[in-house]
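The letters A, B, C and D name the chains in turn, as written, and every chain counts its residues from 1.
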Amino acid sequence: MNKVVKNVEEACKDITSGVTIMLGGFGLCGIPENSIAELVKKNITDLTCISNNAGVDDFGLGLLLKKHQIKKMISSYVGENDEFERQMLSGELEVDLIPQGSLAERCRAGGAGIPAFFTPAGFGTEVAEGKEVREFNGKPHILESALTADFAIVKAWKGDTAGNLIFKATAKNFNPMMAMAGKITIAEVEELVEVGELDPNQIHTPGIFVQRIFQGVDYEKRIEQRTVRVK
Amino acid sequence: MNKVVKNVEEACKDITSGVTIMLGGFGLCGIPENSIAELVKKNITDLTCISNNAGVDDFGLGLLLKKHQIKKMISSYVGENDEFERQMLSGELEVDLIPQGSLAERCRAGGAGIPAFFTPAGFGTEVAEGKEVREFNGKPHILESALTADFAIVKAWKGDTAGNLIFKATAKNFNPMMAMAGKITIAEVEELVEVGELDPNQIHTPGIFVQRIFQGVDYEKRIEQRTVRVK
Amino acid sequence: MLSKTQIAQRIAQELQSGWYVNLGIGIPTLVANYIPEGIEVEFQSENGILGMGPFPFEGEEDADLINAGKQTITALPGAVYFDSATSFAMIRGQHVQLTVLGAMEVSENGDIANWKIPGKMVKGMGGAMDLVASAENIIVAMMHTNKKGESKLLKNCSLPLTGVGCVKKVVTNLAVLEVVPEGGFKLLERAPGVSVEEIQNATEGKLIIEGEIPEMRF
Amino acid sequence: MLSKTQIAQRIAQELQSGWYVNLGIGIPTLVANYIPEGIEVEFQSENGILGMGPFPFEGEEDADLINAGKQTITALPGAVYFDSATSFAMIRGQHVQLTVLGAMEVSENGDIANWKIPGKMVKGMGGAMDLVASAENIIVAMMHTNKKGESKLLKNCSLPLTGVGCVKKVVTNLAVLEVVPEGGFKLLERAPGVSVEEIQNATEGKLIIEGEIPEMRF
């Protein structure tokens, strides 16, 4: 089952203004750099972006923010971005903040056909406002609903032509759940191989969740906080 | 963090009559053979076993059934076992049948701190009796609750001393979710290695879910339906 | 009248390239043998494999590699193994485009009963309830009547249900029928040599006959 | 009075062998530097690693290997990487034995506020709400008073809450305090050279003082 598309233009060809997009990554780690650049280039607007973070001013989703392409962000932490702050405080940008674990589980639920689940996270806080509360084992929980998106864009380390994906280290993060939850899931990979080259025991995201895959180019893989020790 | 115990006796030392045990495996594939043999030897009774299947007459959980050690089975399919049938029809054995996907998800939920979730599986059937029904996206769903167990016993292909596990092919099945859902999780492995020998990108079950691990012996790995083609 | 393998062969004509397909035990399993030329599909087995291949050659069986029927199988290039929660995430999340399974009864509103006969040994529903509750596209493969000659296409199911209002199409030894949204089995095709009257006589549920009913073609 | 590193050092004394531990950003991160001899713990970072090691040597940074603070890190032997859903399954499922995090306010019934100041830029709660709602054992590491000299240990939190009734212990620059089930901060230890009176004066919430309060030992 061949899911390969020629390049990022073809992968993103039907992404239009107003759609909802999930984007994998944690901070700048494991983000779909090629696709974000293409979205910037396409100049589409009014996007709803579901992503744990919002990039930095000049990289990641910050590039889309700068051009006012994003109408609404659904995230857990958006702290490293001045332009984000400006747009949020001025009311130009809608922001829906979600506990990180609930965000991950809501994406997984969306992909797994679970419309809603109970979690203790956020009980008694403003996150619980308007949500059903129920006690289980003596502890209050709130009902959270599934998230899905018109497009999910993920970045993997290796992928095969059938869309099977392998992630590297902590660049995995939100990518697998978002891959499950996209109506159309686009995977960009550092290395695209033929089917049969990946060990079927080692695949993180089965190709059934991926509709399009392409070989990415020129990965910058920027480091947000370079922390080192001296030899 | 060393989770290694000397042998199956030590791994199962505090499993007593009346406890609830989850056991990985699908049919006879990926079942914890060593531990089941030890439970038989220990002669404990009144067990509640959560397992997708119930083994065959002379292997797998069938061995525990034959000695009347099981009080209740929670399974999705129990079709290949005459003794099971006899005990069930005579009322000696309680049986709770659960849709396979709901069983898997309920174990995962138990391990993931999700006390309950909605699923469409079983709506309008006797599985839905007494359960809350709610419509999402125009489709009725039922509320299912998490499953946990006093002990979860899983079988892996490779494991390291920290309890990290790798499964082989379709012997993975229910093992990863059950590993998450046991208050005490015991892993028996075909090959026990030192930490550092498994690639951290390839581990299926992180050691945090495993309390005890041991190197199993004498795996029979019986095949239930030997189907072949001729060269 | 179709043989069981012909039922499978007819269902195979429904396959579309790019589909992921889950085949139940029995007649549905045979569908894999008749994939039309040029059609590329991938088979999911709910115990944890995508890209299921044929049975292994003798001596090459692997106890760790089975399908949901517990049969030894092989994996094709591009295959992937996964746990049961992920497997049913695929099914429940409607990532599997077609489910083919057997049934004891189907009702004219698409209810299906295929797991339990009161008073008889109950083997369990396995993954059937998840599959029928979630699949967008369900084809039932079965004989049109039971061993006593009674119709299995009914006004209402008499056996405990597996799922409600979910069956879209039924392929039997006599006919191809569509379950229409307003209720009823719309007759699409006749088995070679089988008359509309014979099908009508073997169908207890509402049979909808519109215009000329073509014979199946193989 | 303790320095920030001494707060971390005191918290490190709470570690028990076999524990999986999640450390928040700031003072909590420093705890990893003071693991007592003979104690074996493993650090979980919620972005997807168990078995987090020290910072990499210069030139060995890997953009794909970071912690939840987005810092480049290394992995110890026995480490494992996982996705965010699995990470929070560990946290929500109480497989992590200890969570250490900072706070802006803690109330005498264990409420915590650490994510939002009305009128200021909101950065988001990240994983904090999941961590505090689920952890069996939460230690808050913070200064006893804010920059204006106002107590951060309160009768009631004034800021929007992160979690309700969840904090078990607070280690500040002045004291170690236990949040008792009936409500109140039970004074367990004083920082070297700090008097009970000083702690009382810096604590707005109910302070419970029973018998002689020992000084911390390092």
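The working rule: contacts are C-beta pairs under 8 Å (C-beta built on N, C-alpha and C of every residue); 3 or more make two chains touch, one makes a residue touch a chain.
Remember, predicted model here, so these are calculated numbers, not experimental data.
Trainee: Which other chains touch chain A while also touching chain D?
Mentor: Where chain A and chain D share a partner, that partner set is B.
Trainee: Which chain pair is joined by more contacting C-beta pairs, B-C or B-D?
Mentor: B-C
Trainee: If you average the CA atoms of chain A and of chain B, how far apart do the two points sit, in angstrom?
Mentor: 33
Trainee: Mind checking the centre-to-centre distance between chain A and chain C? Centres are C-alpha means, answer in whole Å.
Mentor: It comes to 36 Å between the two C-alpha centres.
Trainee: Report the inter-centroid distance (CA atoms only) between chain B and chain C in whole Å.
Mentor: Computed from C-alpha means, the inter-chain centre distance equals 28 Å.
Trainee: Which chain D residues reach two or more other chains?
Mentor: 49, 75, 81-82, 85, 88, 91-92, 134 - these are the residues of chain D that touch more than one other chain.
Trainee: Residues of chain A that touch two or more other chains: which are they?
Mentor: Where chain A meets two or more other chains at a single residue, that happens at 105, 108, 112-114, 119-120, 167-169, 200-201.
Trainee: Can you give me every chain pair that touches, using the contact definition above?
Mentor: All touching pairs, sorted by chain label, are A-B, A-C, A-D, B-C, B-D.
Trainee: Can you list the chain A residues touching chain C in their complex?
Mentor: Per the touch definition, chain A meets chain C at residues 1-2, 108, 110-114, 160-162, 164, 180, 194-196, 200-201, 203, 206-209.
Trainee: What part of chain D is in contact with chain B in the complex they form?
Mentor: 18, 20, 40-42, 44, 49-51, 75, 77-82, 85-86, 88-96, 134
Trainee: Once bound in the complex, which stretches of chain A touch chain D?
Mentor: The contact residues of chain A facing chain D are 26-30, 52, 75-80, 85, 88-89, 95, 97, 99-105, 107-108, 119-127, 157, 167-177, 204, 221-231.
Trainee: Using the touch definition from the top, list the residues of chain A that touch chain B in their complex.
Mentor: So the residues of chain A in touch with chain B come to 105, 109, 112-120, 134, 136-137, 141, 145, 166-169, 200-202.
Trainee: Mind pulling up the chain D residues that touch chain A in the complex?
Mentor: Those in contact with chain A are residues 45-49, 54-73, 75, 81-85, 87-88, 91-92, 111, 121-130, 133-134, 160-165.
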